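After the C-alpha cells below, expect a handful of questions from me.
First chain written, first letter: the chains are A, B and C, and each begins at residue 1.
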Amino acid sequence: MKQLLSNKNSINIMYLPALILFAVFVIYPFTSGIRISFTNWNGFSQSFSYVGWDNFKYLFTDKNMLTSFINTLLYGFGSTILQQMLGLSYALLLNKAFRGRTLARMMIYLPVLIAPVIMGYMYYFFFQYNYGALNDILMLFGLDKLDWLANGNRAVGIVIAVNTIQFCGISMVLYLAGLQGIPTAYYEAANIDGASKFRQFTHVTLPLLMPSIVTSVTINLIGGLKLFDVIKALTNGGPGYASHSISTLIDYTYFKNQTAGYSSAMGILLFIFIVIVSLSLQLYFRKKEVEY
Amino acid sequence: MKKLLSFMLVLVMMLGFTACNSGNKAGGKKVKLTMMTHFQSSENVTAELEAAIAGFMKENSNIEVELIPGTSEYEPLMKSKMASNDLPDLWTTHGWSVLRYSEYLTEIENEPWVKDLHPAIRPVITSKEGHIYVLPMDVDVAGIAYNKEVVAQAGVDVTTIKTWGQLFEAMDKVKAMGITPVHIGGKDNWTVGNFFDWVAPAIFITDENNYSGEELKTGTFDTDKWKVAAELMKTLKDKEYINVDVLTSTYPDSARALGEGQAAFEFYGNAVLSEAWTYNPDAKLGFFPVPAYYKGDQPSLISGERTTIGIWKDTEHPEEAKALLTYFAKPEVMKKVASANRIPAGLVNVDSDTGKLSDSYEQWKDTEAFPYFDREFLPSGMWDTMCSTGTGLLADDMSAQDAANKMLEDYKKLYTE
Amino acid sequence: MKKRTLWKTIVALVISIIHILPFYIAITVAFKPKTNLSSRWLLPKVLNLDNFKMAIEKAHVLMAIKNSVIITSIAIACVMLIGAMAAYPLARNRTKLNRFILNLILAVMMVPPLSILVPLVKMMSDINGISTYWGIILVVTTFQLPMSIFLYTNFITTIPNSLDEAATIDGCSRFSIFYRIILPLLKPVTASVVILTGVFIWNDYQFSLYLLQSPSKRVVTLAVSTFFAQSSTNLGAASAAALIAILPIAALFIFLQKYFIRGMVDSAVKG
C-alpha cells in the first residue's frame, strides 16, 4: 500500500473527480451534439432523419456563417487587444499611490461583477436611437440623432467596446498584481545603466509581466471568442446578420430558425476553431516564457 | 480563506432567515400542477391568472397549482423542454398550439366548452385533422393599430381606408406632420415577420378570385404573389413611411411610440395597445381592418391566439389539469382574464370587458377575420424565413424578388404531405 | 507632491465616471415609473419606489439572491477543491498522458455552452436534476473547473520541486505532501480563482435559464429577466431588480477588495 502511494503515477487519481465531471456534463452531451449535427432535426420534435454531411457542406456556402466567423475573430482578438492596452494603461496609472486610486480601481472593476446580459441592456439604453442617452447629448448640442447600431461595422465596434469596458477590470487587476511583483531593484539597476523610461518598460516591465499577460490574454480571448450575451442584448445580431458571432448564430439557428442539426454542426466547427487558436497561443506563450 | 468562507456562510444564513417566505407547507397527498405562461411577471394578465388559480385551489384543496411567468427566452426554453419531453402540466401556446406544440399536447376537442368556441378562434386552434389542443381564454382579433389623435390631426378617417393606395395616402399625410407613419421595432425580427402575417391574407386568401389557400396547402407557392407582399414592405422603407431605426429599435419602443403619439400605425396584435397604455394611460388608441389588395375585395381583420392554454400529453394528472381548464372556462373566470387583455373572450358565452377598445370592436364587429397566415397556410419553420427575409429587405440586402425566391426555397424544403 | 499627482486624480476620476455611467442610467430608469418619459439622464423629481417593490414582490429578488449565494458559494468551494486536486498531478507529473489531459481540460473551457445545451438539458431532466441546487451546482462547477485548473497548474509549476522531494525523504506520501505542503501555499492563487470563477458563476444566465425553472430556485439573473417578455417589457422593474442584485456582490467585493488584490499580487509574484 505504501509503495503504491509513493508511486509517482498514483497521484493521478487526484484528477479523476474533475475528469468524471467533464465526461458526464461536457463530453457526453457534446457527443450527442455531434450526432444531432448529422440530422435535419428542428430542435424540438421527436422525429427527424439523418442527412449525412449536408449540414457541414452547407456551412461553407452560407454567407451568414462567413460574416459571423469574421465577427467572431474581431470580437475575440479585437477586444483582447483593447483589453490588454486599456488594462495595462490603467494598471500603470493606478500602480502608484495617489488620491482617488482605490476608488478608481473599484469603479473600473465594478462592471466585471455585473452579468453581461444586464450590462448589455444598460448599454443599449445608451445607444438606442430614440430615448438613447447618447442621442440625448447630441440633441442637446443641436446635432442630429444617430442610429448607432444600424450600421453593421459600427455595431461590431460598439459590441467590442462594450465588452472591453466591462471586462478590462480583470486585465487591470492581473497587471496590477504583476507590476507589484516586479522588484524595484530592477528599475534602479536600469536607471544606473541610463536606460530611458521607454526602454525600461520594454526591457524590464513587459518581460516580467509575461505571466500576467498569458493569464489575461487567455481569459480575454476565450471570453471574446465565446461572446454571446452582450451581442444579444445590444444588437441581437443585427442589422440583418451583420453583427452575429458564431455563438449568437448558433442560438439563432437552433431556436429561431429551427435548424438544430445545422446549428450543431456550427457549434462543432466553433469548438474546433477555438481549440486550434488557443492551443497554438498556449504553445507560443510557453516558448516566450522560456525565452525570458 | 476562512474569512471569505465564513462571510459567505453568514450571508447565506441571513438571507435564509429574511427571504425564505416560501417555506414548505405541510400537505398530505396534494396533487401538484405546474403551469407556464409566456407573459412576464408584471403584466395584468399574469395577475388575473394568479387570481383565477387561487380561486381554483380554494375549490379544490387537494390540488396545488404553480404558475411560472415567462421571460424573453420562453420560446427557446419550451423548445428545449419539448426536446427532452419534460414539459409542465399546462402551458400557454402564444400562437403555436397547432403548428409547433400539438405533438406534445393532449387533444381536448371533447371538452364541454368546445361547442362555445368563438368563431374567430376556432379555425386558428383547429388542426388539419380537426383536433383542438388548447382552451382559448381570449381571442386576439386585431387589425392595424393606430393612434386616434395623430390620425385625426392628419385629417385621416380610418373608416375610409379600404385599399393600400388609400393607406399610403394616409401615411403621406401623417408624414407631412413630421410624425413617423409606421413603427416597427425590428431588433428582434419577429416584429418584421408579423407585418407579412398582416398583409399576406389580402394577397393570398381574402379575395375569392385570387384565393391560393388550396395550392399553398398542397405544395405550390406562388412567388409572384409573395413579391407583392415584399414590395409593400419595400415601399414602406423607400418612401420613408417607416421609422429610421427599424432595425435597431424594439417592440417596447413601438408601443411607446404609439402611446406617445410619435407613430401613427403599427402592424401588431392588440397586445401592443395594452403595452402602449402602460406608457401613456391617456392615449387614444384603436385598430382598423387591414386594407384589401385586389379590386372589389373587402378589408379584413387578423385573428390569433393570445392566452391559450393546453395540457401536456404525458402529464401525470390529466384529470386535475382538465379540471383546471374547466374552471378557467367558467364565464366569471374567463371574463376577468380576457378583460385584463381588453380583448374578446375565447368562448361565445363569455362577455369580456374590452374597455378602451370596445368602440373599435363595436365598429368592426361585422368585418371578417382570418387566422395568422403562416400558421394556417405555410409549413412549420417558414415563420423565421418571413422574419429574416423581411429584415433582409429592410437592410437592403435583398430585393423583393430575392425575398420571394428565398420563401419558395424554404417552402420546398419544409413542405411535407 | 500633491500637484504632481493631481492630474492622475483627475484622469482616474474621468475613467471611473465612464465605467459607471451605465449604473447611473440604470438608477434613473429604476426610480421612474413607466409613464415618466423624460430623458434617461435626468433623475426623477420624486423618488418612485414602485419598481423596487415590484422587483421584490413579483420577481422575488431577495429569494433569488439567497439562491445565488447558496449556489455560488458551494460551487466555488467545489471549483477550488476539485481544481486544486486536479492541478497537482498535472503540474508535477508531466507525462504524455497528463499533458494530453491538461490540453483536454483547456479544450473544455472552450466548448461553446450552446452547442451542448439541449443534450445537457435532456440528460439533466432524465436524472431529475432540473430545478435542483445540485444540478446547477454540478454544471457550473464543471464549466468553471478548467479556469481553476489552468490557474492552479500554472501556480504549482512555480513551486520548487525540491520542497516535495525533501518531504518524500521525510517519508511523506505524495498525498500528504499535497495536503500538508502544497495546499497551504495555494492561498494567494485561490484568491484569483475565487474572483474569476465566482463572478462567472454568480452571473451565469444560460445554464440557469434552462436548468432552474421553478420560481423558488430562481437566481438573480433570472429574476431580472422575469420583466422581459416578447410582448411586454418593464425596464424600470428590471433595472431595480438588477440594482438590488448587484448590492450583495458589490458589498462583498468592497469588503474583500484589499484581500483580493493582495492575493492576486502574491500569486503573481510567485507565478
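Observations
Just so we're on the same page, a contact is a pair of C-beta atoms (placed from the backbone, for glycine too) under 8 Å apart; a residue touches a chain by one contact, two chains touch by 3 or more.
Please read these numbers as outputs of a predicted model, since none were measured by experiment.
A complete topology is adopted by the chain contact network, contact being made between every pair of chains.
Of the two chain pairs shown, A-C and B-C, the one joined by more C-beta contacts is A-C. With centres defined as mean CA coordinates, chain C is found 37 Å away from chain B. Chain A and chain C have centres, each the mean of its CA atoms, that are 15 Å apart. Contact with two or more other chains is made by residues 75, 80, 83, 188, 256 of chain B. Of all residues in chain A, those touching 2 or more other chains are 43, 131, 251, 254, listed in ascending order. Contact of a single residue of chain C with at least two other chains is seen at positions 37, 118, 122, 225, 235. Within the complex formed with chain C, the residues of chain B that make contact are 1, 3-5, 7-9, 11-12, 15-16, 18-22, 34, 36, 38-43, 66, 68-75, 77, 80-81, 83-84, 86, 94, 188, 190, 250-252, 256, 260, 269, 271-272, 274-275, 278-281.
Within the complex formed with chain A, the chain C residues making contact are 5, 8-9, 11-13, 15-23, 25-26, 29, 37, 39-41, 82-83, 85-86, 88-90, 92-93, 95, 97-98, 101, 103-116, 118-120, 122-123, 138-139, 141-143, 145, 147, 149-151, 154, 168, 173-175, 178, 195-196, 199, 202-206, 220-221, 224-225, 235, 238, 242, 246, 249-250, 253-254, 257, 260-261, 264-265, 267-269, 271. Chain A contributes residues 42-46, 127-131, 147-150, 235-236, 238-240, 242, 251, 254-259 to its touches with chain B in the complex. Residues 75-76, 78-80, 82-83, 85, 100, 103, 186-189, 244-245, 247-249, 253, 256-257, 262, 380-381, 384, 387-388, 391-392, 395, 397 of chain B are the ones that touch chain A when the two sit in their complex. Taken together, the chain A residues at the contact with chain C in this complex read 2, 5-6, 8-12, 14-15, 17-19, 21-22, 24-26, 28-30, 32-33, 36, 43, 90, 93-94, 96, 98-119, 121-123, 125-126, 131-133, 136-137, 165, 169-170, 173-174, 176-178, 180-181, 211-212, 214-215, 218-219, 222, 225-226, 228-229, 246-247, 250-251, 254, 260, 263-264, 266-268, 270-271, 274-275, 278-279, 282.
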